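Next come the structures, one after another.
Both of the next two complexes hold chain A, though its partner changes from chain B to chain C.
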Partner chain A sequence: MALLKIEDLKLDIENSNQNSHILHGVNLLINKRDRLGLVGESGSGKTMTMRTVIQLLPKKTKIISGKVIYQNQNLLQKTEEEMEKIRGREISVIFQDATSALNPVYPIGKQISDIYLRHKGRDKKKALEETVNILRRVGFPKPSESVKAFPHELSGGMCQRAIIAMALMCSPKLLIADEPTTGLDVTIQNQVIDLILDVIKGKDVAFVFISHDIGMVTKACSKVAVMYAGHIVETCTAQRILKKPLHPYTKGLVRCYKTIIGKRMVYIRGSAPELIKTISGCPFEPRCDVAMDICKRQKPKSIQVEKEHWVTCHKWNN
Partner chain B sequence: MNQNNNIIQLIDVKKEFPKIVAVNNVSLCIKSNETLGLVGESGCGKSTLGKCILKLLKIDSGKIIYRGNPIHNLPEALFRPYRKRIQMLFQNPLTSFNPFYSIQASINEFCNLNDDLKEKGEIIKKIKYEMNRVGLSQRILTSKPNELSGGQLQRAALVRTLIVEPELVVLDEPTSSLDMSIRGQIINLLQDIQEQLKVSYLIISHNLRVIKTIAHRVLVMYLGEIVEETTTKKLFNKPFHPYTRALLEAALLNINENETKDILKGEVTQTSRNLIGCKLAPRCQYSKKRCFQQKQELEEIEKDHLVRCWRAKEI
Partner chain C sequence: MYYSLKKRGNNILRFVLINYKSHLKLSFVIILLVLISILAIIAPFLPIDEPTKTDMFNTNAPPSYEHWFGTDENGMDVFSRTINAARYDLVIAITAVLIGSIIGTILGATAGYIGGLFENIIERFAEMIQGFPYILFGMLIYMMIGGGEAALIIVVIVYNLPFYAKLVRSEVKSLKNVPFVQAAICAGIKPYMIVFRHLIPNALPAIFGQFPLSAASAIRFIAALSFLGLGLPPPTPEWGSMIQIGANSIIFGKWWVSGFPGLALFFVVWVLNSLGMSLQVYFGKES
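For the complex of A and B:
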């Protein structure tokens, strides 16, 4: 059953002279208990898509068109007050940089229990109890002492655990993790992903994992959506994307990820298009090795190739 | 080992910050036309070591010898001539360019500091030549850093680095701010440049894929100490130290799938720095009493393969 449905979302950022086009009609469906990975390079719009969902957009952004339907309600029409009730309670986010997502002047215990007090009632004693419980679950060895710890006293990994605790405090229906491991050391990254997967296991929660690392995403998720320059170019299951990618961009990414033998590194030629340009054809056309005439002129449509495998490429449009 | 072949040699280099020994008695040498990889997690002292080589930080003890000349205690005026021979390419090109200057102005500024490159016509000719080498169009010379993509900007930074014809370039995480599809472009370019110019690289990175492609030899550091040193081939085929194994596993490069996972518990703690024995012992699943109590030196386990671990041969 659909939990969140994003329909034809178009988004611009207004600059003084020219607008940057960030999203070009994004369609995405997240079912209940889904584990969706959103993969793409920096600037491909993956973070902006999810920020639109929780309505935490930077100033000067303008939604041109589209709907974000969460449990039959369009979130784009909600007022700020209504959104405040949804954020943290229904939809919560684990942000990229744990140390800057926490307030440096308050102990972590206060910051976590604040979420409880805001959404679940005013019993401070109960809030503290719940905070200790959730800190224990995310792997703090001495949770009753850790509630008094300030963010600077904790390591990056521990801060990220505190953020995870915060995100899960009100048992949200949708958990968005925006590059949760980017600032962390490689040996900690797996620990953090395993922890997130462990705490949501068996719960009624959908998980969206935003990352540029296609390997990490396929390990943690069951479905993958690949974004390029504000378009969703391919959606399919996690196993399939590594074995049988269809879009030339995904193929390139998978090749970059898989090939480690030899003295040369694999890459995709060129670089991502500039955001201020209007794209009339396929956004990947200038970098694509199999581009045809039509790719320059016409935008490809999303085509269902197999069950649960969608690709946006003219090659597959018989 | 032929001493004369070494571009740079570090002997027992130590760098302390208040309360922390960032680099603890590290010795290494880089031969001409060689790429040495330096691997480790954040806080292990790899960037500090790079900065010590460039004399951006003063070392507390030990020696740095450049082509037979000790350079670690030279005053700045006498060190100047070495600055152009040892260059650095930084992690984030967006912060290593002045945002108000055009690319041309940034590179000019750099050239003006150099006695050999004072003549204006000469500089422009040289810039254009190097731009061509790294595959940038000359149009971007008038652009400001924020108008360029990460890949373009890193190439421009490379132009600035190469223009003084260095012998050794310290590459501090040259690709970590770049996208996966662009990374290969820069790494392959660096390899081509090495072939053409015969420069040596010290590449600092936590990305083992990059290291595997470009480096000839690799040093693995943990909390300021070298824990394993060997050729790239040996390191990736048969790593000995548990920390190296954990790193390979985290990067999904482990060949032996059946090996027990989760070699390391917890994370780097600063208190481990004060341990007498192995600094990895509290996190290592193989650690025994001896690991905590006795200090192990780098030991040659096989030819050209140095490891600092008491249990390297058993596990």
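For the complex of A and C:
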């Protein structure tokens, strides 16, 4: 059952002289109750893809082509008012920097109940009740008192919990976590991910986890999509991607992740391509160790290697 | 910037009372302002002459025990008038700046949030007003509705509007990209709620720091317009018109008629300006 389907999404940022190409035809399928991890280095278009879904793109971005189909409706054709009803209620987002994602001048309870009042009715008493309930669910020890707490009175981990509570307030169908663990201690990182998984367990929620940390993603998700320079280069199940990565870029990522302490650090040589260039061949070709002649000339197509394992590479094209 | 308000802004007086040592200038200026306000409030109940009581046998008298600041050409007590004038000047200035800053803030926040053509129109209008000399505008209002409090209030409001609109617009522009505003948009909160809940409250420290400075310049506006006869009519005690009454007799050595109201004007403007400066330091400290 497809919940969200992104088809051939192409996105540009219009500059004064030259456009930079952000997304080059992204295809992504998210089923109901899926847990999808979106991995890639910075600038690969992970966040942009998800921002297109919630229609919260920066100025000067232009969608060249593509569809974002959410429950049989194309979100790209929706008006701003229609999107306001979808954001927060159907699709909600967990932001990366928790302490600055809360308004410092209002208590957290007010901010959370605001979302309830916006989407689910005007009863303030009920809203407060629901807020206390959700705070208890995300692990606030004294929820009825924490409602009155200001963000600066809470620790980073508690703020992140409040953010998660905000995102889950209206029990959305799709939860997007945009690098929720960046900026947190390693000990709290695992806690936060566990908490998110725990809260959505058994619920009708699909979870998209955007991160550059392939280890974290494989722990939390069942499916992983690897992005590189605006392309989805490999889609696979989480267990398989660590054992049997097929795309050279994924191989590099996994090798970096599995670096053994004491040995020389492993990295992928070169750097991500400039966004202004039009890529005629495979985007990873300049950094690829196993590049062939055809890689320069022709864009690889997405090939299904096995059930639930797609790879976009010429090497597997036979 | 947006952290400071909730932490201390709400109980700034209490904070200053406790930490007066680290904010010496701020506490000093606040005490002075409180004293001025008290003096202005109790002025009518003090055992001094009525500000408009004339004494035809005692005109242009130099300062004496009976008349501390002397009397003017109509024999009115300059001390009583100087103190009573604070009532008029301060009340008009504060009312007008308050109204002007509220409207300006709302306009500026909306312009900054919506952007595009609306923002441009507001900006250009603001520049148009700021480019127009206020004395000419005061004359225009005087011709339309005559002098008095209303005319002064209108002039001060009109000249404060563009200032606050621009200030808040720039604050909102930078606040718009702060994660919690983005998060609120992501949660589907309506635009007007975002402006009034998230943007304006976080722009308040900048507005508060600016408020005394605007009040100071408003008092200067009022005095200047009254000096030219475009503001409060003469029998009403007002610093500007009092200076005007004595202006002609200064060369004859009768300095006290315009000297004392001039000093009072200077003092109040200085106090308000220092308050504005120290408030900006106070709010800016944590950013």
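Convention: the second predicted complex is superposed on the first by the 315 of 318 C-alpha atoms of A that agree within 3 Å, B and C clash if a C-alpha of one lies under 4 Å from a C-alpha of the other, contacts with A are read in each partner's own complex, and residues count from 1 in each chain.
To be clear about the criterion, a contact is a pair of C-beta atoms (placed from the backbone, for glycine too) under 8 Å apart; a residue touches a chain by one contact, two chains touch by 3 or more.
All values derive from a computational prediction rather than experimental measurement.
With both complexes brought onto chain A, simultaneous placement of chain B and chain C is permitted, the two fitting side by side without a clash. By the document's definition of touching, of the two partners only chain C reaches A:102; chain B does not. Contacts of A:37 after superposition: neither chain B nor chain C is touched. When the two complexes are overlaid on their common chain A, residue A:25 makes contact with neither chain B nor chain C.
Once the two complexes are laid over each other on the shared chain, residue contacts for A:119 go to chain C alone; chain B is not touched. In the superposition on chain A, A:245 contacts neither chain B nor chain C. In the overlay built on the shared chain, the residue A:54 is in contact with chain C alone; chain B does not reach it. Of all C-alpha pairs spanning chain B and chain C in the superposed arrangement, the closest lie 14 Å apart.
Interface residues of chain A, counted against chain C in their complex, comprise 54, 56, 83-89, 92-93, 95-97, 100-106, 114-115, 118-119, 150, 152, 163, 166-167. Residue ranges of chain C in contact with chain A, taken from their complex: 2-3, 5-7, 178-180, 182-190, 193, 197-198, 201-202. Against chain A, in their complex, chain B makes its touches with residues 41-42, 149-152, 179-185, 187-188, 191, 206, 209-210, 212-213, 246-247, 250-253, 264, 267-269. Listing the residues of chain A that touch chain B in their complex gives 41-42, 155-158, 185-191, 212-215, 252-253, 256-257, 260, 262-269, 271-272.
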